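This is the structure I have questions about; it appears just below.
Order as written gives the chain letters A, B, C and D; numbering starts at 1 within each chain.
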Amino acid sequence: MKDIRKRIRIAVIGGSRPGKQAVDNAFEVGRLIARAGAVLVCGGLGGVMEAACRGAREEGGLVVGILPGGSTADANPWVDVPIATGLGYTRNALVVMNADAIIAVNGEYGTLSEIAYGKIHGRKVVGLGTWAVKGVDIAATPEEAVRMALQDLSG
Amino acid sequence: MKDIRKRIRIAVIGGSRPGKQAVDNAFEVGRLIARAGAVLVCGGLGGVMEAACRGAREEGGLVVGILPGGSTADANPWVDVPIATGLGYTRNALVVMNADAIIAVNGEYGTLSEIAYGKIHGRKVVGLGTWAVKGVDIAATPEEAVRMALQDLSG
Amino acid sequence: MKDIRKRIRIAVIGGSRPGKQAVDNAFEVGRLIARAGAVLVCGGLGGVMEAACRGAREEGGLVVGILPGGSTADANPWVDVPIATGLGYTRNALVVMNADAIIAVNGEYGTLSEIAYGKIHGRKVVGLGTWAVKGVDIAATPEEAVRMALQDLSG
Amino acid sequence: MKDIRKRIRIAVIGGSRPGKQAVDNAFEVGRLIARAGAVLVCGGLGGVMEAACRGAREEGGLVVGILPGGSTADANPWVDVPIATGLGYTRNALVVMNADAIIAVNGEYGTLSEIAYGKIHGRKVVGLGTWAVKGVDIAATPEEAVRMALQDLSG
């Protein structure tokens, strides 16, 4: 398999209390990211993050979780490489900084902060049932979201 | 005058390349914050931040600037207490954390990240010609913005 | 009095559980910093920090406290300008970044991290009964410590 | 091979301009960490960090690099999972937070800050030709350093 370092990295961001549809979408997005050979980066906790991680791991993908707390034990069980930061919500900026493109699924204000940081750092941000923000590309399905995120990137 | 520590703190956030209307609004917001005896907190740089600082200083107010860089020399000339962070844009989270309420004037993605962090941290966010985000209270004039921000706060 | 912005800033760092001698030294260091017209910067909490703050305030000095937590309510009562960071101990780097020179009184590993960051950022670090570290200037009394810290600085 | 998440994580810290002996020691420490099945965590840049990474990769180990800058492109070529932080030297705290034990090889003030943070966070810190600090266990060889670091840990 391709050298880990050379793989594209896609962040999946989203709320910690998603509804069923958002969970299903996040899971499918995670699966498709892994199937494309990309690394999944996320905030490492529950909800949308956990669903995407489960999906990625089911396809044998690698999952990085950048955590708000100071302990890696907080990561959901599907994170391979947990990164403790102890920065609290301020770590949101670091999640998107570590991705080549970002997919936002659902989400509350934390997700909005990550969308904003994604744009600050010049990343493509794809939205799937999330905040309507100028500069975010809207996808209708997980397939479209991952295709749009990967477009123009070469690992 | 009232003990500094006990004064209300209001953050003014906004873009670094505002138009004339936004500059005038930010200046007036800064003036009214100082006149109300509150401390102005901002990101310490140019544009909306600098206009608000000028306004606050003209009324004898105290101005705190929480800077992205590692040097206090980056602060605009109207900042009394510059705080260097070396955190880059990640410092946006700290700006709003240090205010009892927030007024957003104009602004780009950096401002959007601060609006989001304001809501994450449970602060009232008042918008004056800025992003339309659920949970942001819309003001039509600087006077209304400052009145809304101060409402329900007691220093 | 001199414009706040133009005043020299001296950080006092040290442990949160100092003995009586260290408390007395920190208090005296704080007094002398304020009497010299400099701003006192510290971590804003108890022990050496609080003693120095008390000393500075007794002389009418201005005190900035850069806190580990996300709430300014954590600051000791003598801090004029509390800055919440939510960064935990990682905020230690920010304390020394915001001073022209540093005085270390007593202290444990937290203080050692701040001494190290002081040197990383090229500041003069004066030690008063603290860690023996290459590059730290040793003072025997609070008077000597403050004189050494202020030397070569002009506010 | 063992699940990545369950592997012990050892941080190697040290200067960016080491002498030949320190480079050889760091390389050997990296090799032994990987051979023990542990993940190597480091600051991701040159000098001691790079030598340890090279050693770990030669044995097929996994290498995480927690970088000061905002771009993963800064990582040395042997880092598998680069984590950009944009925090500057303030990221030093995060390096040791992400390890079960720490080995310091050589080093300047940056290394001293990491030793201090290692102790703040309650980690075992083993020193190999580095700062003499109370609470750091001294090793004479790379073999002894890695043995001491792994002792009492179970992945």
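The rule is simple: contacts are C-beta pairs under 8 Å (C-beta built on N, C-alpha and C of every residue); 3 or more make two chains touch, one makes a residue touch a chain.
Just so it is clear, the model here is predicted, and its values are computed rather than measured.
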item	value
Each chain counted as touching chain A and chain C at once	B, D
Equivalent interface positions on chain A and chain D, same or different at half	same
Angle of rotation relating chain A to chain B [CA atoms, steps of 5 degrees]	180
Interface with more contacting C-beta pairs, comparing C-D to B-D	C-D
Identity of the chain that, by mean CA position, is farthest from chain A	C
Separation of chain C from chain D, taking each centre as the mean of its C-alpha atoms, in whole Å	31
Centroid spacing, where centroids are CA-atom means, of chain A and chain D in whole angstrom	27
Whole-Å separation of chain centres (CA-atom averages), chain B against chain D	41
Multi-chain contact residues (two or more partners), chain D	70, 86, 89-90, 93-94, 121
Topology of the chain contact graph, where touching chains are joined (line, ring, star, complete, other)	complete
List of chain D residues in touch with chain A within their complex	3-5, 64, 66, 70, 72, 75, 79-86, 93-94, 97-98, 121
Contact set on chain C toward chain D in their complex	89-90, 92-94, 109-110, 112-113, 115-117, 119-121, 131, 133, 135
Parts of chain C lying in touch with chain A, wherever the complex brings them together	70, 86-90
